[in-house]
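What follows is a set of structures for review.
The same chain A turns up in both complexes below, where it pairs with chain B and then with chain C.
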Partner chain A sequence: MPARVLNNPLKNPERPYLAIGLEGSANKFGAGVIKHLEDGSTSVLSNVRHTYITPPGEGFQPRDTALHHREWALKVINECLVKANISMHDVDCICFTEGPGMGAPLQSVALIARTLSLLFNKPLIGVNHCVGHIEMGREVTGAHNPVVLYVSGGNTQVIAYSRQCYRIFGETLDIAVGNCLDRFARVIDLSNDPAPGYNIEQEAKKGKRLLSLPYATKGMDVSFSGILTAIEAYTYDKRFRADGLPRNSEDQDIITPADLCFSLQETIYAMLVEITERAMAHIGSKEILIVGGVGCNERLQDMMRIMAEEREGKVFAMDESFCIDNGIMIAQAGLLSFRMGFETPLSKSSTTQRFRTDEVHVSWRA
Partner chain B sequence: MASSSLKLISTATLISQGAEAKVYKANLTSDPSDPPVLLKHRFRKGYRHPTLDASLTRTRVSAEARALLKCLRAGVHVPGVRMVDVSEGVLAIEWIHGQSVRKLLPGGGEEEPEPEPGSVESLEEYGTPVDALMQLIGQEIAKMHLADVIHGDLTTSNMMLRHPSSFDPQRPTTELVLIDFGLSFHSSLVEDKAVDLYVLERAFSSTHPESEPLFASVLKAYEEAMGKDWTPIKRRLDDVRLRGRKRSMVG
Partner chain C sequence: MSSNPDWHTITIHVPFASAKHAEIALQAIQVDRELQPHAVKRTLSVEDDVLIATFDTLTVRLARLTVNAYLENVDLVVRTLQEFGPIAAQRPAPPS
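== the complex of A and B ==
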């Protein structure tokens, strides 16, 4: 086997590069401008986002979400350009999310990107959403070669880089972890503002009682659908008190919504930490990077930190501005591939709901 | 006061830390002529809620011990069980003197830290040609599957060849031992057996390049040992291969 060449294929740019990224694969529309400088450093010029929030008990439908993105796109893009203090003429390329995601919202955003590309005569770059998360996480945290736990409303994967590809070591066999949380928030009528997962986290802090739930890890894979069914079943239990209060002073043996949130978080995050630990042991890595919307959950970050300490490893996590879907991560991943000479021709700029992380050729890494 | 299994661990030497357990070499008695044992300690995971952690550890330790016993009863070569302590998460099993198949096969030593020169044992030392080794693998897996035990993590790292010095020099023999039943379960389903084989096939192709003829001889020996049970498993294995493990990613 020939020795692996570890020279970085990405050379420092000869002039500063600017890219705008547009993201709208789920219920957030985001736009961001990133700048790559001659010394190889990166600066975020702006990062603007608007979230489509549905009433409690309701999820976001593709059609309404797409409508939201179309309504907000120009406002968000304008604000993003103003904050960055640049004009559309200054950018080198326009990056957009090619997939994976919900069809209608993806199409709306791609349409906006195409229009801008034709109006200003700028090249288009289609970006894989998951690779965007990973690249932004590496940039913000400075993690070198981490095991990546990508947890969001649509995806749950344990990923590690190997030979110009982000290989998926473990993933969910059915629904994503964020989907499980969002749907449970609907069951107990929690608000979707700012995010269902955030409200579950706050509610869980009041919970005391750990209820038994299925624990479904299979090697490095996980499954959440059975857990969702089991936790929903507790809301029909005769001990369940939707208001969280005992009926009288004798009513001691009760289950409150807070207990359910607590039990759900403890169980599913333990599963996620366990599969991450498995991947670390398998690969021999000491770094963990958590990306995706669920990644800003502090309980998950704490658990991961404890696990990392037990293995003498290190956790890299981010705050909500970079964890939750945003335009800047699309700009970052897009600009990296643009600098390697990649471009998406207009005729190939359609979107796809199915786009696996390991299908992307990561040309900018050794 | 610390329990006796924890005291035992404090006198043992740590060999490695896997994903969920620390592995030690220890002596159960003070008599140095007694053979050593391997201790697998599923230590307390600080990140897990104590109740959840205790129940998981309990189920996993006892499941592993049960699978080993079931295999032993069916005549599958696995390490013997020496001690089980479910509340502390400690399992003591027979110490196998030998080498993992991964390191004995060509290409298996890669991705490991640089081995010290001379420390790599070769198949010649074990007096077993590669083809005979593949046959042994097929036979052991067949015996295990006939007993309805599914290993769950069949790789070449989870198989060991006993060192020739473990046997009576008058009657030299070779013995392949299956180890690490941490992910094993009981099932009589054709599906689970086929998936077990598929996992091994993938492990072969990822760790040992150009291993197709190797795995083919494993399957051949497996087929002979399984007898009439082979046909449905073969059919399902073809299905599993087409299906792959990975689902198409939506959203």
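== the complex of A and C ==
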């Protein structure tokens, strides 16, 4: 087939565009304002987030999370407008997360988005959460056509773009990688503040012992639930010391919570690196973009970098402000589709818990 | 009233600051379907500045759950209107 020159379907805007994005598919409520300029550049005017943090040992339930969003949404939206120094009248469209995510929190945020849309007479744009992560990652890092590793508390996918679709190469067969980490943090009573994954990462730095765990990649897919069971089983091992300290000077053969965090991270990140490497080989790309909440884990980034260097590739990763769920990514993906003429009619603006990444028509890319 | 005598009927009147706000609330809430359409029938309407909701439910439990969820939604819409309504009214014709 002759090489085709692909024209970018997205033209530079004739005037600056502003969009506000509202995100609340999990335990964070975020709002952000993004601006697209005539020269094709993008600037983040504000990015505000409030996280619902549960006590150690507890996860977040849909109902309580929705209550959190309902309580905080208006404060966060106001703060985001003040920081961006704009009024709601100035935005071109109101973007919100259509799915995937937890039903009650999604519905609460959509209700606010609808009310604002009607009140200010602005078009509504429903955004796929995963596509939001990918578009923000591409914008922030400047990655061209990367293999995307999307790792968070609810999703684990290896994605590559082809013909106006983000295609899923591989994904988790059961729970997400972040869910595995969060639930293990609960088992060893780590704090959920600022995030369980962050506390596991800090704890893992003190780990000395690599314990054997199942390694579960299946073709392009991965599985984490068995690993979670296996690591939990170590906490019942007679060598396990919950306080991490030996009982006396003879007590040398012990397993500490830090060792478990270290072993868990090494095992599951190795699996992710493996499927990402395979996806790179498939599509012949030398770029890797890591997005999603787990993506700000530095150990994962380091391991990915080692693999990428061996293949003469490059890793693009972000810090927590763009990696962890945020409103600005919804604004970014929403504004891209709005500029292509997309709009979500009010009657179609209900949310959905299941909305796969590859269901979205990526009209703004060649 | 429902055609079926065994069903439970609840009607709720919520007055709003203006007819426009009541209409916005109706449109915003109307979009989400009831989760159990075979057991809950919802009718929303606006009369002047009052939002009127009528629920016909199969069981008392469903009546309680549905009305709770509805009132939570109304509360969220009302607070949003309260917060942003004055700003929205400042510039009635939005710039294109």
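Things to note:
One rule holds for everything that comes next: the second predicted complex is superposed on the first by the 361 of 366 C-alpha atoms of A that agree within 3 Å, B and C clash if a C-alpha of one lies under 4 Å from a C-alpha of the other, contacts with A are read in each partner's own complex, and residues count from 1 in each chain.
By our rule, a contact is a pair of C-beta atoms (placed from the backbone, for glycine too) under 8 Å apart; a residue touches a chain by one contact, two chains touch by 3 or more.
On a predicted model such as this, the values are computed, not experimentally measured, just so you know.
Under the clash rule set out above, the superposition-derived model of chain A with chain B and chain C shows the two partners fitting side by side. Legend: residue contacts after superposition of the two complexes on their common chain; A:I168 is shown touching chain B, with no touch to chain C.
Shared-chain residue A:T267: touches chain B; no touch with chain C. Legend: residue contacts after superposition of the two complexes on their common chain; A:I112 is shown touching chain C, with no touch to chain B.
Applying the stated contact rule after C-alpha superposition, one finds that A:A233 touches neither chain B nor chain C.
Contacts of A:A366 after superposition: neither chain B nor chain C is touched.
In the overlay built on the shared chain, the residue A:L245 is in contact with neither chain B nor chain C. In the superposed model, A:M307 makes contact with chain B only, not with chain C. Least inter-chain distance for chain B and chain C in the combined superposition, rounded to the nearest angstrom, is 18, based on C-alpha atoms.
Common to the chain B and chain C interfaces on chain A is no residue. On chain A, the positions that touch chain C within their shared complex are 70, 74, 78, 87-89, 107-108, 110-112, 114-116, 118-122, 346-347, 349-350. Per the touch definition, chain A reaches chain B in the complex via residues 1, 25-26, 100-102, 153-155, 168, 171, 173, 176, 210, 212, 215, 219, 266-267, 270, 273-274, 277-278, 280-282, 302-304, 306-307, 309-311, 353-357. Listed in rising order, the residues of chain C touching chain A in the complex are 24-25, 27-29, 31-33, 72-73, 75-77, 79-81, 83-85, 87-88, 90-91, 94-95. On the chain B side of its complex with chain A, the touching residues are 17-20, 45-49, 51-52, 55-56, 110, 152-153, 183, 246-251.
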